[in-house]
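The chains carry the letters A, B, C, D, E and F, assigned in the order they are written, with residues numbered from 1 in each.
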Amino acid sequence: MASDFRLKEKLPTLVSSIVGTYTADDRINHLGHCPLPKYDSVVAIVEDLTDILYPGFRRREGLHIGNVTYHVGNLIDSLHDSLTTQIGRALHHDDRVHNRSSDCENQLDYEAKGQAIAIRFLEQIPRLRRLLATDVEAAYDGDPAVSSRDEIIFCYPGLEAITIYRIAHELRRLGVPFIPRMMTEWGHKQTGIDLHPGAQVGEYFFIDHGTGVVIGETCEIGSNVKIYQGVTLGAISFPTDPDGQLIRGQKRHPTIEDRVVIYANATILGGRTVVGHDSVVGSSVWITSAVAPHTTVTLEKPNLRVRGGVPDDLKPETNYQI
Amino acid sequence: MASDFRLKEKLPTLVSSIVGTYTADDRINHLGHCPLPKYDSVVAIVEDLTDILYPGFRRREGLHIGNVTYHVGNLIDSLHDSLTTQIGRALHHDDRVHNRSSDCENQLDYEAKGQAIAIRFLEQIPRLRRLLATDVEAAYDGDPAVSSRDEIIFCYPGLEAITIYRIAHELRRLGVPFIPRMMTEWGHKQTGIDLHPGAQVGEYFFIDHGTGVVIGETCEIGSNVKIYQGVTLGAISFPTDPDGQLIRGQKRHPTIEDRVVIYANATILGGRTVVGHDSVVGSSVWITSAVAPHTTVTLEKPNLRVRGGVPDDLKPETNYQI
Amino acid sequence: MASDFRLKEKLPTLVSSIVGTYTADDRINHLGHCPLPKYDSVVAIVEDLTDILYPGFRRREGLHIGNVTYHVGNLIDSLHDSLTTQIGRALHHDDRVHNRSSDCENQLDYEAKGQAIAIRFLEQIPRLRRLLATDVEAAYDGDPAVSSRDEIIFCYPGLEAITIYRIAHELRRLGVPFIPRMMTEWGHKQTGIDLHPGAQVGEYFFIDHGTGVVIGETCEIGSNVKIYQGVTLGAISFPTDPDGQLIRGQKRHPTIEDRVVIYANATILGGRTVVGHDSVVGSSVWITSAVAPHTTVTLEKPNLRVRGGVPDDLKPETNYQI
Amino acid sequence: MASDFRLKEKLPTLVSSIVGTYTADDRINHLGHCPLPKYDSVVAIVEDLTDILYPGFRRREGLHIGNVTYHVGNLIDSLHDSLTTQIGRALHHDDRVHNRSSDCENQLDYEAKGQAIAIRFLEQIPRLRRLLATDVEAAYDGDPAVSSRDEIIFCYPGLEAITIYRIAHELRRLGVPFIPRMMTEWGHKQTGIDLHPGAQVGEYFFIDHGTGVVIGETCEIGSNVKIYQGVTLGAISFPTDPDGQLIRGQKRHPTIEDRVVIYANATILGGRTVVGHDSVVGSSVWITSAVAPHTTVTLEKPNLRVRGGVPDDLKPETNYQI
Amino acid sequence: MASDFRLKEKLPTLVSSIVGTYTADDRINHLGHCPLPKYDSVVAIVEDLTDILYPGFRRREGLHIGNVTYHVGNLIDSLHDSLTTQIGRALHHDDRVHNRSSDCENQLDYEAKGQAIAIRFLEQIPRLRRLLATDVEAAYDGDPAVSSRDEIIFCYPGLEAITIYRIAHELRRLGVPFIPRMMTEWGHKQTGIDLHPGAQVGEYFFIDHGTGVVIGETCEIGSNVKIYQGVTLGAISFPTDPDGQLIRGQKRHPTIEDRVVIYANATILGGRTVVGHDSVVGSSVWITSAVAPHTTVTLEKPNLRVRGGVPDDLKPETNYQI
Amino acid sequence: MASDFRLKEKLPTLVSSIVGTYTADDRINHLGHCPLPKYDSVVAIVEDLTDILYPGFRRREGLHIGNVTYHVGNLIDSLHDSLTTQIGRALHHDDRVHNRSSDCENQLDYEAKGQAIAIRFLEQIPRLRRLLATDVEAAYDGDPAVSSRDEIIFCYPGLEAITIYRIAHELRRLGVPFIPRMMTEWGHKQTGIDLHPGAQVGEYFFIDHGTGVVIGETCEIGSNVKIYQGVTLGAISFPTDPDGQLIRGQKRHPTIEDRVVIYANATILGGRTVVGHDSVVGSSVWITSAVAPHTTVTLEKPNLRVRGGVPDDLKPETNYQI
């Protein structure tokens, strides 16, 4: 190391100037004694649940009917504990954020509430498995390139995003704040699919490829719906009250009815926009108003400039780039 | 922990109800004694191969001509073993899925087949390096912002996706099921680029930025092709036989000839769609029919609504969102 | 293992044929004694800095005013060392690439330069925190679905990408080659947002959802700008000199003035394209020329083919796919 | 690094000269394709068994009647596999060493034998627990300084050595070669107590402190025996046949009957030496012949040189040392 | 794996038979909801404290006056937490063992007590450092083979054992049950030196080599004492009351006054045995009664059988062994 | 956590009082910028060397003639680097301790010296292997209970200690300070055998059981010597000069000639004590003067007090203990 030691011994000044910015006014530190939900624990919960939902696929080899109970039992046991702790923290944090709680009292009461929710959640696993089995079937039926259901469970990002969404949606339904969004944002990072835990999604849901898909908080999606990469189901705007405050709780994302297919990069916006059942939305279409059932919406033959030669400024040998 | 211990001792009931759903009819568990390819091992294979293809870049520092043989020798030795095992499993799994094998017999025969393929694959590494060197050159020539080839190898997602694709494509060509797709889906997760192992891609291939690119199974791509982020080379539909079964093996994704450039978010669909050599497809263009060689296709000057003011419902101070 | 041992003992031939391709002409190996910046160390630097910028959120629980100095002090101490080493390597590498240095001399001089820059960089942390606090506020004000600033810091990919960008941009400003791009490509991998370290971005910047966003090297972005997923701020082309060499240093990406909102999948191209302040660019719009201040640009009511029924080749029960 | 790179590139010569010593005559390498038992796996087996024998003490917290089955079930499941593999390897290795097997054939047959023994061994766990419970009682009754049985299980090296011995002895009884000795030598390393797996030890056995205790292969030890640190139960010599070959299978270590106490550093040698029941052997005593029951053997008042002053060469301020 | 799957599916029976032995009568399980001190945490506490006592030696390189506060501050912060938890558990466990507490109530009260003791203990660190500095000096003065104090701190087992003892003794003095013994037994495992936390040891204490040293609970050792390997400072016996119960609290191990040297393998027994100051006890001497100050005690010239030749049964070529 | 947060925020006072003791006078800290050899690296060097000396035994499975060069080559390559660094540090440290160097200058010169020694050391590996092969033979011939040489290499503590000693002795012979002692003390910790790196030991050396063996710095041991557990080859005293300074370099430990056997717990002291060749020293014998060749020395029939009954104070049912 050729660095100058005397310079290094001045680091304390640097540290003081940084720590001096961690003031009470500073809104981007979390100092104090009230724990937030822990990101790594939330991710671990998702991974453990995935191992229970699809036993034998990823982490643990050699599961069979003679040992699967032990494996699942161990996971449920530790999930009970980690869900209890993390949900307790999230409930507490939510009350503090909304000034329903003074700082850091009654952590134990929150853990007790956390445990009650954790158990109700774990009781939903058989139901979640039935639901996810329909999603696997939808992918199997919808993608002829796939050779077995195992391949879908193993490596389809669409199923990964849906699995995380269904876990997160269930927790949100049970009143857990904060954690469902942490889960779906982790799923977003893994798959490029941003599927909000507040959305309502029917059975037999299939997302193919998926990168860039955004599905907003108040979307309602029927059963047997297929969505391709780059599709946005978004909001246009939403109203504020006379004080300029957002009026919450309003539906601002579209409704997609049963058996709709939405091809790549289509954009459907607005809380009053309903795409009727058995419709097809073509690739790159942009929609902000209702589509009747049994309708096909595609781009018109596009108005392209087609020239019999490449203009100078678009020649491939020129160094184009972004 | 403030949780109620009595509640916790009821967990066995919960476990039983979950394990009870792991029945023979349940298609989303993998219980039994026939191992699947292991995801983590497949990822490790890709990483080890990358270390051999581009020695000295990522994992291992201080490689020089006096020690590189030892490093590569060790990697090849362990790759031989892991490829043998994982390919054996994939072959066996594929036969079971297609009912060509009774359950769990002859695992050793499959390993012998796996070894033969593993060795044939490893013999292709020099050829793969020559091919990938052309891809690095294409990026170097195509992106003036890059200061050295090292930067491309180090951190360009396009090259990462192409590297994984070329590995996976070679394995698929040698008859390995299941694993090539696991590899490219892992690449998809890393880069946002979904490049199917079945596609055929010529030399000097360059993908810039790359997020959202989808390249389908039966694409044929010439040499010296450049593709930007968000480009889809997809299918429209494909025929079923009178029984409603998919007619497999048909080409359903486009052909891109030599020296074509496709700008961001363009969509090219259909198995009979050929983009002729030396053509340019502009940003956001949507194409479903053939483009002659030496053609430029761009969006017409878009029909936009341009107003001299922001309407109330689109004002930035309003809380727009999706 | 059923593999044939005799086959395995032939691996040395294979290894030799691979190592034989690592020649001086071969541009995709890095053999020799001059270290490159280490990818894992660069990622660790980003993670340590994030822990200092937003103390108490992710890695370390239980920080309070009584112990935060120790935590930050330890991080600054090790960041000083790792930044010194990695910047020294990057400076040295850059000189070799541009033939300003013979091979592998004076590594110690480079480390001394690295240390000087490292300290100047660490001195910027308080300023970076003030800037990032505005980005958090922008997200808080811009997304009514968020319940607290903590949620933004914890799991918003937009803020993650901006944080990495601001770190990388600062290093680039201080003359560090290579590393800033490694950082933002890592951020790209994490978030799907490709935000070049050379871009200039004002305060209160908000990217929502973010997957597929590409912001080029010479973009200039004002303050209070909002960008949604899939937006490209790219180049059209740029000039070469009479020898066909790129003319570097020219602005080739657009300028976005203060308080502009750009909705999902919009594409804005060209170095002379300025989007005036207080403008709104609608979803999926494609722009290559200037937009006056206070302007709204949206897609015209799209020309769609809407049919009262789904044609045979688009029926959902048909197996459409890409 | 100031080392000379040219020197470093000469390392291959060094490597060749070393590898050149790994010849067939060289008896201290293990090259080839027949695996030995793996040391780390054998240690892991001991640790997993310890977790089953004394559940709730060391590795896993929070075991209760509602989850202990899952924990033990998982351990038994993986122990079945690892014992099967390691015992199979040990059986195979033993046959090769004694020329009862050609090289590397029939590994699968050995695994089948390994499995049969593994299951018979696991069936002994309830019996082992009853036996070890007597050893814990012996320590509790024999050491008044202990405050609870938990303390003994947690940190008494004597119990640790006895536990490992009882596991290893059981495997040896079932015909497993090689592994029992690996286990007790690991115990030796942990505790300083060298207790051969061939020894026969009754119930209620207690070793206090233990460092330096050596108990030979053909020792027979009754029940309720106590042994202190530094005690050797060893051989004097043993006969060879006319060819100078050892006559194996003869008893060459002493017999210690029930309720004997042997104090620190006593040495008892010889296969015909019997210490009768209810006897006491004092500290540092050296015995090579039989001791009748109910006998006390202590050192005579030692013949010491006691001088009223410290001679010059033994003064503490002189620097004595070994 | 050649094992028989049908055998494996019978493992549940095995598991049940084992779990069936974990009854309430079974004294060698710890099931329930009251945690014991955790072995790994106790070891980690010792290691963290060692890092504070001798900063810069083992774990953390590059400490200097500019960063040592951060390093120590972090360690103290986490030691506060881990000591609080582990001491709380030990206090609770002790009360349960002695029936002063019903099961599992008031864990929080115990943690509060644990915190108070933890802080009192941490306040003793400067005093412990002064004391240990004398032990280092004693080793430096007592062993001429040593070339620097650093060598002693780095690798002398005697100092390691004394350091652990002084930590453990301090905790015991503050009323912590259970943990001090866990610590010294861990030290015993590391060094072969069994130094009871209850012993009282003066400053400038030196143990050389150390393997096999045993120092009992009620020993009193003055200052400037040197002890060599294999020395036992033990008990002979101790009285029981008329009911056969041990009379606790009596001194049953010897007193060693200032400036005494005890050479290798000497044995000194009994609570009334005092070795007077400035005395020397020779190698292998066995003592059960008082030694006056300034006395030298050595073995008499031993009565050996010396024969001019090796008898047949002791010839080295015969296979002697234990 | 029930601990009082206010107490915790007082920790900085505690930290300051501790850091305040790290003064220049304080001899038990190592603050500053001159690195010591790193303990973990030294241990890793021993482990890597062991893997080269006995290839195929412990860490790496599946070595065969086709891959062993890669494995050894990698290890030699990294050993070159770590030995260079650690030897350089040790040389530098030694010069500072003996005031032959000002603080922290010329680290690079020391590394260059370190590299030269590292290479000379690595060149000795073939010779070390020949020597160690004789030690394995000695154990095989000397212990009839062993079933194969593999067992000795795998788990005999005597061979482990000798291996570490022979490595350390070679480094010491090449002039490396500090590190050899770190190595043998690590071996001491592993095996209970304290074998000083300065001792000179001939070929075919065998230590059985080994716990408590101490062999001093100036011992000379011939070939074909066998030593059992608890044997001390130590010093009596050694002279000081008129100033009370130790006269260094004098021989103060015994000489053991060829083919001597020393049984358990024997003690042989003094630099002029020579045990002549082909002699046998019996168990527990204590010797401070020369023994002629071909001599047997055993304890006389011990003078024991043997009583026909156990006195009250030695009855086993009484709670004897140390």
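Just a few scattered comments:
Criterion: a contact is a pair of C-beta atoms (placed from the backbone, for glycine too) under 8 Å apart; a residue touches a chain by one contact, two chains touch by 3 or more.
Since the model is a prediction, treat every value here as computed from it, not as a measurement.
Hopping across touching chains, the smallest step count from chain B to chain D is 1.
The greater number of contacting C-beta pairs, out of the two interfaces D-F and C-E, is seen for D-F.
Seen from the C-alpha centroid of chain E, the farthest chain centroid is that of B. Relative to chain C, the chain whose mean Cα position lies farthest away is D.
When the contact pairs of C-F are matched by residue number against A-D, B-D or D-E, more than half turn up again in B-D.
Note: Cα superposition of chain D onto chain E, rotation of 120 degrees, nearest 5.
Separating the CA-averaged centres of chain B and chain E is a span of 58 Å. One simple way to say how far apart two chains are is to compare their mean CA positions; for chain E and chain F this gives 22 Å. For the pair chain A and chain E, the distance between C-alpha centroids works out to 53 Å. Counting partners per residue, chain F has 5, 8, 11-12, 15, 33, 62, 64-67, 69-70, 72-73, 77, 81, 144-145, 192, 209, 211-212, 214, 229-230, 232, 234, 238, 246, 264-265, 269, 284, 299, 314, 319-322 as the residues that reach two or more other chains. Across the interface of their complex, chain A is touched by residues 1-4, 7-8, 11-12, 14-22, 26-33, 35-36, 38-39, 93-94, 97-98, 141-145, 177-178, 181-182, 185-186, 188-189, 192, 194, 196, 198, 208-209, 211-212, 214, 217, 224, 226, 228-230, 232, 234, 238, 246, 248, 259-261, 263-265, 267, 269, 278-280, 282, 284-287, 291-292, 294-300, 313-314, 318-322 of chain B. Put simply, chain A touches chain E in their complex at residues 5, 8-12, 15, 64-67, 69-70.
Looking at the complex, you find that chain F touches chain B at residues 62, 66-67, 69-74, 77, 81.
Considering their complex, residues 52-58, 61-65, 68-69, 72-73, 76-77, 80-81, 84-85, 88, 107-109, 111-112, 114-115, 119, 122-123, 125-126, 129-130, 132-133, 136-137, 144-145, 147-151, 153-157, 190-192, 209, 211-212, 214, 216, 229-230, 232, 234-238, 240, 246, 252-253, 264-265, 269, 283-284, 299, 302-311, 314-316, 319-322 of chain D touch chain E.
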